[in-house]
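Pasting the structures here.
One chain, subunit A, appears in both complexes that follow, with subunit B as partner in the first and subunit C in the second.
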Partner chain A sequence: MTRQPLILRNPSVLVVLALLAVFTLAVTLLSQAYGSGVVPTSTVKILGKTLCLALAALAMDLVWGYLGILSLGQMAFFALGGYMIGQWLMYARTEAIVAAAMAGNPIPPTAQELREAVANQIFGVVGSSELPLAWAFAHSLTAQLVLVVAVPGLLALAFGWLAFRSRVNGVYLSILTQAMTLALALWLFQNDSGFRGNNGLSGLQNIPGLDGVPQATLSVWFLWASAAALALCYVLAAWLVSGKFGSVIRAIRDDETRVRFLGYPVEGFKLVVFTLAAMITAVAGALYYPQAGIINPAELMPIASIYLAVWVAIGGRGRLYGAMIGAIAVSLLSSWFTGGRAPDLPLPGYTVKWVDWWQVALGLSFVLVTLFAPKGIAGIFDRLAGVLPPRRHGRDLGPGQGALQEKEAKA
Partner chain B sequence: MTCRLIALLLTLLLALPAAANPALEAVVADNLDQIEKPSRRTVGPLVAEIAATGPEGLALLSAWAGRALGLAGGRLVIVDGDGATDAVTGQPVADAEPRMLRPNSGVRGVIESALVAGEIASPDRARRAAALASIARDGTAAHLAALRSAAPEADPVLAARRDRIERLLTIRFDTDPAARVAAIQLMAGDVGLDFRAALNPLLATRRLAAAEEPQANIARELRPGSDDFPREAAVALLTAEGLIQPRLTPADQRAALAAHVAQGRVGGVPVAELSDPQARDRAYEALEAAGAVPPAATESETEAALAGTRFFEVYAEADPDVTDAARAAQRGAEWRLAAMSGIDLGLDALSLASIYFLAAIGLAITFGVMRVINMAHGEFIMMGAYTGYVTQTMIADRTLSLVVALPLAFAVTFAAGVALYRLVIRHLAHRPLETLLATFGVSIALQQLAKNIFGTQARPLTAPAWLEGAITVNDVISISSIRVAILVLAVLFLGLFLFIMKRTRLGLEVRAVTQNPGMAASMGINPDRIAMMTFGLGSGIAGIAGVAIGLFAQVTSELGQQYIVQSFMTVVVGGVGNIWGTLAGAGLIGVLSKVIESFNPSNTLAAQTFMILFIVIFIQFRPRGIIPQRGRAAEA
Partner chain C sequence: MSALLEVDGISVSFDGFRAINNLSFAIGAAELRAVIGPNGAGKTTFMDIVTGKTRPDSGDVRFGETSRSLLRMNEAQIARAGIGRKFQRPTVFEDQSVAANLTMALKAGRGPFAVLFWKPSAASVARVAELAAEVGLAEHTGRKAGELSHGQKQWLEIGMLLAQEPRLLLVDEPAAGMTLAEREQTTALLVRLARTRAVVVVEHDMDFVRRLDCKVTVLHQGSVLAEGTLDHVTRNPDVIEVYLGR
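Our next item is the complex of A and B:
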C-alpha cells in the first residue's frame, strides 16, 4: 500500500502554512518599514513575539498533547534559548561600544584589555569584572547559535533520562519539571552564577552589526524569521506525529505499560520527543527575546510554564493547530486586557476593571474549559470536520477510583 | 544610654540644694582655659580632679559632656532650658548670655567614662546596673581601675556581672601578664560574645617580611607558595615593605607609555603596534633604558628577594604567655561554639520542618486519597492567613483573635475545599493532570481575587505579646517563641491526624479508600463522600497552616506561592498516603535546607537550588518517596 503524501494526510498543514504566509505578508504590507505604516512597530513586535509563543506552544503540544507528559518546565528551555542568544547579542554589542570608546585612547588597547573592559561593562552591575566561564563562546555568533539548541537539548536529555529511567510519571513528573525550572530560575537569580543575576541580559533588541537598520525594519525581519521557524517546525511536528512514530507516542500517552509490553523502548521515544521539544522551544526563545529586548530569571519562574500549559489546554491538546490557536488567542487577549486598553465593564453597583479582573476571568474560564471542553478550541474544528470520539461501550463495570456510586453501572 | 544617664544625673544634681564647693572652685579657677579649650590627650587628669570634688563636680562634668556648659563673664554656668545656674556655687544666674562650650567627641568620651566610673559606687541599684552596662559596652583601662577600687557590690546579680566585666577588662587592659593569663584561664570555655570579642584583639596578627627572625611575639613562620600564603601575597608584602620595586601593572605600563608618546612612536615603537603586549614591553624597556620611566622589578629580582626573606605572622600582643592562653581559650570556645551552632541549626531545621509539615500535610492527604495535586493548596494557605488578618481587625485582643482565627480559618478553608471538590475535582476523576490544571486555574483566580480585595501591600498578622521574643539559652542558641508555637501546633496536628486516622470511623474509611477504592465502595463506603471529607480536611489544615505562617511572614496574595513548591517537594520526597512519610519528607527537606544554607549563609538562593537538585536526584533512587505506598493502590 502506498502512503499518501504528508500534505494529503494532514490538510491542516497546508491551511496553517497558507494562513501564516498571508498573515506575514499582510503585516509586512501594513508595517512602517515596508508598507503603509498602519501597523505600528510595537504591534509588529507583539505579533512576532506571539508567533514565537505559538512555536513554544507547538512544542508543548508535542510533549503534552501527543506524549502525555505535562511538563511544567517548558519555559525554562525557552528562556535558556533566549539567554544563549542574548549572550552573543550583549557581548558583541558591548564589545563594539567599548572598542569605539577605547579607540580614543592614546595607546591602542590589547585584546586582553578589550576583553576586560567588556567584562567590566557587562558585569559591573553585579559587582564583578571577570568574564565567567559560561561566556567563553559569547564572542562567536556561530557558537552561541549552536548553544541555543545544544544547552536546552542537553538539559532536557539529562533530565529526561534521569526521570524516565526511574519511571517517574504523571503528577510526579509534572512536579519534578516544575522543580527543575524553579531550581534553574533560582540559580540564575544569583549574582555569581554568571548571568547578571536578576538584572538579566538587556539591550537585546539592538543587533550588533546592524546599527544602521531601524527597529521598524528589524521588527519585520524578526517577524519573518519567527513565521519561518513556526512554519518549519509545524511541518516537522506534523510529519513526526503523522507516521508510525506518532502512533507510538500517542500509544505511550494512552497506555504506557502496554506499549512497553509490546516491546517498544518507551524511554527512548519519550526522550527523543522531550529533547526535540526542548530544542524547538529554545529556538522560539532565541527568536522571542531579541524582540522583547530583555530577559531575566523571572521568565523562568514556574508560573510562565504553567501559563504555556493553559494556552495549550484552551487551544486544544493533541491538535498542533489547537496549541497554536490557544497560544495566539490567549496571549494576545491577555496583553490586551492587562494592558489597560480594554474598556471597563460597568455592572450595577460595581465597575469591572479588566486590569484587576482579567486574571480571575482567565482562571475561571480555564476551569470551565477543562471541565466542559477538554478538547479546547480545536474541538470546534473537530466537530466541523465530523471527527467524533467513538462511543465506547464495554468499559469495565464497577466503580473505579473515586467513582460516583450512583452512576456505577451506567457506563 | 550614656546620654540618658547624663541627663538623669543632670536633673538629679540640679535639684540638689545649692552649696558652695571650695575644692571645685579652686580646680575650675586654676584650669578655666583648659576647660574652655580642652584637648583629648591632656584633659584626663583635670576631669579626674573635678570628679573628685563631689556631686557638684559631677554635675559640671555631665553638663560639660552634654554640651550644656557655658562661659559667662569668667564664670562657668550650666544652662538648662531658659534658666542657668552657676556651675561652681549652684546659684541661679539671671540674664546670663553664656558662650556655650562645645567639647569634641574625644573629650566627651573621656568625661563620660569618668562619670560612669563614679556611677559604680552609686547607692541606687538601677544606676549601678546602667553604669555596668555602659562599661561592658565600651570599657577602658580607667574603668578597670575604677572597678577594682570600688566598694564591694551587694547585689549578687550585679556582683556576678561586675566580676565578669572586671575579668574581661583585665584581659584587655591589665599591665600584669600573669593577671591576664589568670583571667583568661578563669573564663576559658565561655562562649559569650563579649569574651570572644575580648580574645580577638589579643590574637590579631600581622604579617611582616624580614631577613632574620624579628624580636616579636611570633605566631608562626609563613612559607611563600603555601595555601594560605600564596606567592602573590608574598610579593605584595615585599612590595609594601619596600624590599623590592613594585611590579609593573598593565595599567601603569599603559599610563607610562601614554605619557611618552612622541611623533606617533613610544620608545621607537609605532603607537599603532601597541595593541600587542610584547610590543608594549619592548617600548617600555626602551623607555627604561633611556631613563624616562622608573625601572620595574624584574622576575629575577623578585625571586631573589623571595629567597632571601623570611615571612612571619606576629601577634600585636607582645606577651607570648597571654597569646598562648588566649589561643587555648579560643580553641576551647570554638569547640563548644561549633557544638552549640549545631544545636541551634537543629532547632532551626526542626522549626522549618514543622512549617513544611503543616503546609504539606493537607496536600499529602488529598494526594494520597485521590491522586490529585491541588495547585490551589497554596491559595488555601493564603486564605487562612487572610482570615486571621480579618479576624484581627475585628477583635482587638490578640490572644482572643488568634483563638477565634484558628477554627475560623479551618472552617473557611474547609468550606472552600469542599466547594472546590464538589464543583471541579469530582468531575475530573481519573484525570489527575487535568485536575492539576483546573486547580491551577482556581489558584490564579483566587490569587487575583485576594489582590483585588486586600490590595497588593502586605497585611500584618501580629502575634500576641506572649508569643513575641525568643527563648534564648545563650548567645548562640535561641529560637523565637512563634516558631516554638508552630512546632507545638504541628505536633498537635500530627496527633489529631493520627487520632482521626486510627481511631475514628472516618479515618478507617479514608484508609480503605486510599488502599483500594473499588473494594471500599463494594463494602458500602461512599468514596465520593470520603473524598470530599478528606479534601475538606486537607484544605482546613492548610487554612490553619496559613494562620501560623502569617504570624511570622507577611500576609500577601503570594504567600501561598512561596510554600507550594516546598509542599509539593515534601509530598514527593515523603511518599503519599502515609502521614509518617510526610513527616519524614518535611524533616528531610527542613534539615537539608538549613544544612546547605549553613555552608553559605549569605546565599539562600544557592541553598534552594541545591535543595531542588538534591530532590531530583533523590527521586532517582526512591521514585515513590521515603515511605512508599505498597500493594495494589500503589499501581494506580
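Our next item is the complex of A and C:
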C-alpha cells in the first residue's frame, strides 16, 4: 500500500508555504532595498519579527495544543536563543571596533590585549573588565550557533526530565515553567551573571563583517531567513503531528493514564516534544533579536510567555496554522494599537485611548475566545472544511450512559 | 501447569484502610478466571497493583516464565511485558478515529523515535481492518471514537486490547451497560481468548460469571475467601454469609 505524501494528507502545509512565499516576495518587491520602497525598513523589521513570533507560537502549539502542556515559560527559550546569537554579534563587532582603534598604536596589540580590551568595552557598563566563562565561545559564530539550540535544548531536557518523571501535571506544571523563566530572568538581571545585567546585549542589528550592507538590505535578508525557518519548521511540525506520533501525543493530551496502559513511555514522548519545541523557539529567538537590535532580561519575564499562550489560544490550539494566525494577527494588532497610530475612540464623556485600553481589549477577547470559541480563529477553517464536533444532543435511548441518542437513532 | 502471574502475599492500605490484606493469587498461561466479591473487596485495587498503578506495601507480583517481579516496573513497562487492561468505563481516545485508536494499540515499537518513524504497512492496515471487523466496527473505522455509542466504545476498547496482543488480559466489569445480545457476544469472545492467553474477569454480575463457566475466586476484605467452580463457591457458607448475610 502506498501512503499519500504529507502535502496531500495535510493540505494546510501547501497553503501555508504558498502564502509565506507570496508574502515574502511581496514584501521584498515593496521594500526599500529591492523594490519600490513603499514598505519602510522599520515595517520590514516588524514583519520579520512577526514571522519569528509565529514560529515561537508554532512550537507553543506543539507543546500546548498537541501535547497538552501549558508551558508558561516558553519565551525563556526564545530569549536564550537570542542571548546566544547576541554574544557572538556583540563580541565580534566590539572586537572589530577595538582592533580598528588599536591599529594606530605604535606596537600592534597581542591577542591577549585585544581580548582584554574587548571585555573592558562590553563589561565596563557593569563594572567588570573580565570576560566571563559563559563568553568562552563568543568569538566563534559556529560555536554560538550550536549553542543557540544546545543551551535551550539542554535546559528543556533537564527541566522536563525532572518535572515529567515526578508526574507533575496541569496547573502545577504551568506554575513550574513560569517559575523557571522567572528564575532565569532574575538571574540574568544580576550584573555578575555575565550577561550585562539589566543592560542586556545591544547593537545586535549590526552584523559583524557586513558593515557595508545597509539596514534596508539586512532587514530583507532577515525577513527571508525568518520566512525560511518558519516554512521549514512548519513542514517539520506538520510531519510530526500527522502520523502515529501525532496520534500518540494527542492521546497523551487527552488521557495520559490510558496511554501508559497501552505501553507507551509517556515521559519520553513529552521530553522529545518539549525539547524539540524549545529548540524551535530558540531558533526563532536567534532570528528575532538581530532584527530587534537589543535583548535584556525583561524579555524572559513570565508575561512574555503568557502573551504567547494568549496568541495561541486566540489563533486556535491544536491547529498549527491557528497558532501562527493568532501570533501574527495579535502581535501586529498589538503593535498598531500600542504604537499610538490607532485613532482614539470618542465616547460621550470619555475618549478611549487605545494605548491604555488595548490590554483590556486583548484580555477581554482572550476570555471571550476561551468561553465561546475554544477552537479560536482556526475554528472558522474547521467549520468551512466541515470538521464538526460530534453532536450528541437529545435524550439517551438506552439505560446505559452514552447509549444511542435520539438524534443518532434518526440518522 | 506453571503460573503466568503469581501474586504473593500482597498487602496495601490507604490511610489506614486495608484494601488488600495478604492476598495470594495465581493464574496459568491459558486460563479464564472470574474474580468476584462485594463492593470494597479489593477487586479494582488488585488490578491496579498488577498493572503498576498502585504499589503494594508488602508482597510480590511475578510474571512470565522468568518470574520477573512487576513491582519495580512502571505502567508502560508492565503493559509492554504483556499485560493488557480493560477499564470499567470505556476509555478510548474520543478525538481520534477508530482506525487511529486501533493503530496506536497495535503491537509495535513503543519508544518515541520508533513511533516517529513508524509507517503503516499493508500488514498493519489489514490487521486494523480485521480487528475492526472482529469488534463490529468495520463500517466505522473513519469515524471519531467520540461519536460511537457506549456499547461501541466498549467494543473498540476490546479491539484495542486485542491489538496489543497481551499474554494476560485484565477485564473490569465487561458486561456493564451492555445489552443481553452484547453480553453473549462478550462471553463468547472472552472464552475464545482464554484458549491462547490468561484472562482475568472482575465482575459482580453472577449471571455473567455463570455463563463464563470457569474457575472463580471470591475476594472479601482484601483477601481470597474461596476458590473453585461457581457452584462450589456459592455453596460455601462464608460466601453466602458475605453475599447474603447482611
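As a working rule, the second predicted complex is superposed on the first by the 390 of 411 C-alpha atoms of A that agree within 3 Å, B and C clash if a C-alpha of one lies under 4 Å from a C-alpha of the other, contacts with A are read in each partner's own complex, and residues count from 1 in each chain.
Note that a contact is a pair of C-beta atoms (placed from the backbone, for glycine too) under 8 Å apart; a residue touches a chain by one contact, two chains touch by 3 or more.
Every value quoted in this text rests on a predicted model; they were computed, and no experiment measured them.
Peer 1: Which one hits more subunit A residues, subunit B or subunit C?
Peer 2: Higher number of touched subunit A residues: B.
Peer 1: Look at A:P108 in the shared chain and tell me whether it touches subunit B only, subunit C only, both, or neither; answer first, second, both or neither.
Peer 2: first
Peer 1: Give one of first, second, both or neither to describe whether A:K244 is in contact with subunit B, with subunit C, with both, or with none.
Peer 2: second
Peer 1: Quick check for you: in the superposed arrangement, does A:A179 touch first (subunit B), second (subunit C), both or neither?
Peer 2: Touch partner of A:A179: subunit B, not subunit C.
Peer 1: I'd like to know which partner A:I306 touches here: subunit B for first, subunit C for second, both or neither.
Peer 2: Only subunit B; A:I306 stays clear of subunit C.
Peer 1: Based on the superposed arrangement, let me know which partner A:L364 touches: subunit B (first), subunit C (second), both, or neither?
Peer 2: Once the two structures are laid over each other on A, A:L364 reaches subunit B alone.
Peer 1: Considering only touches as defined above, state whether A:R167 meets subunit B (first), subunit C (second), both or neither.
Peer 2: A:R167 contacts subunit B only, not subunit C.
Peer 1: Report for A:L70: first if it touches subunit B alone, second if subunit C alone, otherwise both or neither.
Peer 2: After superposing on A, A:L70 lies in contact with subunit B but is clear of subunit C.
Peer 1: Could you tell me which stretches of subunit A are touched by subunit B in one complex and by subunit C in the other?
Peer 2: On subunit A, the overlap between the subunit B and subunit C contacts is residues 398-404, 408.
Peer 1: Taking the touch rule as given, give the residues of subunit A at its contact with subunit C in the complex, in rising order.
Peer 2: Touching subunit C from subunit A are residues 1, 3, 240, 243-245, 247-248, 250-251, 254-255, 257-258, 260-266, 268-269, 271-272, 389-390, 392, 398-404, 408.
Peer 1: Please name which positions on subunit B make contact with subunit A in the complex.
Peer 2: It comes out as residues 250, 254, 257-258, 261, 266, 271-272, 274-277, 280, 367, 370-373, 424, 426-430, 432-434, 436-438, 440-449, 451-452, 513, 517-518, 521-522, 526-528, 531, 565, 568-569, 572, 603, 605-606, 608-609, 612-613, 615-617, 619-621, 623, 636.
Peer 1: Which stretch or stretches of subunit C touch subunit A in the complex?
Peer 2: Where subunit C meets subunit A, its residues are 51, 53, 74-77, 79-80, 84-85, 87, 90-91, 93-96, 100, 103-105, 110-113, 115-116, 118-122, 125, 144, 146-147, 149-151, 153, 160, 164, 176-179.
Peer 1: Taking the touch rule as given, give the residues of subunit A at its contact with subunit B in the complex, in rising order.
Peer 2: Residues 70, 105-113, 159, 162-163, 165-168, 170-172, 174-176, 178-180, 182-183, 186-187, 189-190, 192, 302, 306, 309-310, 313, 356-360, 362-367, 370-371, 374, 398-405, 408.
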